[in-house]
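Same chain, two partners: subunit A is paired with subunit B first, then with subunit C.
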Partner chain A sequence: MVRKEINQLLAILEVELKNILRERGTVGFSIFFPILISLSTYSVGTGILGKPPSLELWFYQLIGFTILMITIVMSASSAWYIRQGLLSRRLEYIFSAPVNPIIIIASISLTSGILGFGIFLTVGLIGVIVTYGLSNLSNFFISLLILIIALIPILGINLIIAAATIIGKEPEAISQPVSAIVSTTSGLAYPITILPFILKIIGESMPYYYAAYYVRSIIEGYFNILSLGNLPFLFLYLIFGFVIYRYFENNYIRKEGAYGI
Partner chain B sequence: MEYKFKNFIITKISAELGKGLKIYTRNKVWIISDLISTPFWVIFLFLTLIFYAQYLLNNINVVTSLMWGIFLFIFMNSFMWAGNSIVQSVESGIIDNIILTNTSLTIHLLGRNITGMIDILISGVIALLTSSYIFGATLSISEPILFLFLL
Partner chain C sequence: MKEIIAKNLTKKFKKKVRKGIFNTEERVIHAVKGVSFEVNHGEIFGLLGPNGAGKTTTIKILCTLLIPDSGEAYIHGYNVIKEPNKVREIIGVVLAPDKGFYERLTGIENLVYYGRLYGMNKKDAYKRAEELVNLVDLGKDAYRFVEEYSLGMKAKLSIAKSLIHDPSIIILDEPTVGLDPISSRKIRALIHDLANSGKTILITSHNMWEVENLCNRVIMINKGEIVSQGTPKELKEKLNLSYFIEIEVLNADKISDYETSINEKGNLVVKIETQKPNESLIKVLDKLREKNYIIGSIKVIEPTLEEVFARVIGGEKGN
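Moving on to the complex of A and B:
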């Protein structure tokens, strides 16, 4: 029974990974983007200060922009999956097939997670070697494990985005405000201490801030095990996301169908 | 004859403007999305650019310059998207039908550009207000007529 479901998950995963590999340009851009933007702001900083700023500061932004890229890829892929599925009637066939929707959603999320992990591995490795040399490489590989755990609650937010796309219909219009709020409040490109109080609270209540914090603190060697205490609460996002998505799926897609959308 | 020709052109322009407005207002979720996103992107751009010299946040001249930089970025961005609309018209097959109706492509682009104008108006004003409210940038324009003319 379980074996059948694992086979289904692997089959969908294979198809989705092939889809990603077909779009090499997008993958290349996702890797290039954090490096390009962080170097741009570094050059702005050099211009303002009149001398090159510390490489640790560049690394701070590089890690932040990489996690931002992962966030955008993950949230946009959930939204587009629902929209394209509705437009092409693909969801009709998927829901009528003897495949549990959870397996479909899990495999789609897993695919974007693998892509995100690949982006982080490539960009992070370049950043660590340039900034710290080979000395912090072991820390970097440990941070990869923490990143995987920290990305799991983010999947819950992706499910909420997928649910919102069922009603809002426009994937970009749904995922764009999420990306804007996450980018601004999560301390990805700058410390959240400089934000107004209300934005700081929004940032601290979402998993993105913790993903960036855990990764940076492990690589730079100031990680405190007590900070992991927030992690179990972040998993509530996964539960909420799952419940909200199932509600919208059952009450809108399955009842009303893809027609007329 | 000349009167009829003018009337004909005005009808076409008003039809294109009507179409542009229809496209913009049809997807209300986009308007809501822009209203929510723009203030956040403005704050993000401000703080990201000034990350290496955060003390400059207290300098009103620097903050005001950054505000107008972001405003011009939105301005240029909207026009670039408007230029891209001709490519979208080709890809979606609209352009063939436009040519068949003997309508000038310039008039067709006008309809698309109205979306850009509304975008500049809404996003630009939000960007200016956000910069002023959050970072204390100065909103006063010493030569408003010249500013509007150059815009």
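Moving on to the complex of A and C:
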């Protein structure tokens, strides 16, 4: 049973990766974007201070923007997968096959996760070597493992995005507000402590913040193992997302025939 | 065994129609109203009806993509609402013959992908995909990107896709729509072969000739309701439609007892409209022989399902 589901997951993953790799420009842009943005803010900081700020500040932003990029791509990819599936009517065929929706969304998120992982590996490696030298490389590789685990709860949010896209049909209307909330409240580009109380609470209750926090703290050496205590709580997102998707599927999607356009 | 059972299926959709800038009006569309039918093992069963009749809604309920408002449906004994995954494992579907593919993958890559979604491992899915591309006559085109395919090639690939997991029941929603006559003929031959190999097939089509030639039994749906059902022959008999007999006479210029015309060879053709073709033919031939006319050829033209459809649906529309 599990073998069948792994096989389904790998099948979707394989075709999605093939599809993405046949458009190499997107991958190139995703690697350069965090470097470009973090260097821009570093330059602005240099201009304001009159001297270059600490490289650690650049690294903070580089990691933040990279994870922001990964999470936005992950969220948008499920919305766009659904949209393209509706337009091409591929979704009707997929859902008339014995596939669990969580497998579909997991594989789409995993596709963008692998893409993101590749981006993080490339960008993060550059950042760590430039900022800390070779000594922090072991921490960097540990942070990669934690990042993979920390990104799993985002699947739950992606399931809700997928259900909302099937019903609403418009991916931008759903993925862009999510991206806006993530970028403003998750402390990916700046410390969450400077945010107003409400935004801080929103940020701290979402899995994106923890993904960046774990990665930064491991690389920079202030990681506290007790902070992993938040992870089980974050996995509630996965359960929550699955329950909501199932509710929408049974009470709206299959009732309204929303798999096609 | 009854492979497909639909019992009193109903489905309505609510649609908001804009009235002015701020107001909307909710319209209820009754897509399916109490549709019931049964399909036997190894049968080709046709679902006929004009656009918006409720054919696709019925098909989507059977494919587990839609939940009916009321009624029940079973595929191979499995309830489509309560046991969707069991149903999905044993059906193959063609919902839009030119859609549902990854355009930037090859035909064979698409087939392997769908095979794996049905739980096959990659090796088996590839082997099966290779068999199917030969079965549907795609040949080397299967190794080209789908974005380069013609409509006919996509239709073939779509049928191959529906067969990838070797389902016992195949549901085809207008599989030949938009195809040229040669591609349509190939698809029809394939459907025929599938039925001969023991598959149960449910097909919807606008092409009456196609349905008449393919289907063992047919139901006609209009405005969500079944308006007629039976074998194509039974449907014709129910409506007492006329047969036309054309007898070519080689040695006459005019016969006053019957309606006549001249054919392309320049011979006289006697035309008779009748509801009892056997009796009428014997009677006319006897009369013609009595007068020593030489018969060149005899043609009996049966009423078509298209006439049945026009009569039944036209009648429903009040035409």
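FYI, the second predicted complex is superposed on the first by the 244 of 261 C-alpha atoms of A that agree within 3 Å, B and C clash if a C-alpha of one lies under 4 Å from a C-alpha of the other, contacts with A are read in each partner's own complex, and residues count from 1 in each chain.
Definition applied: a contact is a pair of C-beta atoms (placed from the backbone, for glycine too) under 8 Å apart; a residue touches a chain by one contact, two chains touch by 3 or more.
Remember, predicted model here, so these are calculated numbers, not experimental data.
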Combined model on subunit A where subunit B meets subunit C, clash or fit: fit
First (subunit B), second (subunit C), both or neither touched by A:90: second
Subunit B versus subunit C as contact partner of A:18, first or second or both or neither: second
First (subunit B), second (subunit C), both or neither touched by A:4: second
Which superposed partner A:186 touches (first subunit B, second subunit C, both, neither): neither
Partner chain(s) touched by A:45 [first = subunit B, second = subunit C, both, neither]: first
Subunit B versus subunit C as contact partner of A:98, first or second or both or neither: second
First (subunit B), second (subunit C), both or neither touched by A:111: neither
First, second, both or neither for A:71, with subunit B first and subunit C second: neither
Least C-alpha distance (whole Å) that remains between subunit C and subunit B when both complexes are overlaid: 10
Touching both subunit C and subunit B, counted on subunit A across the two superposed complexes: none
Subunit B partner contacts - residues on subunit A that touch it in the complex: 41-42, 44-46, 48-49, 53, 57, 61, 168-170, 172-174, 176-177, 179-181, 183-185, 189-190, 194-196, 199
Touch list for subunit C against partner subunit A, complex: 13, 57, 60, 63-67, 85, 88-89, 91, 93, 95-96, 99-105, 109, 112-114, 116-122, 161
Touch list for subunit A against partner subunit C, complex: 4, 7-8, 10-12, 14-15, 18-19, 22, 88-90, 92-99, 250, 254-257, 259-260
Interface residues, subunit B side, partner subunit A - complex: 27, 29-30, 32-33, 36-38, 40-41, 43-44, 47-49, 51-54, 56-57, 134
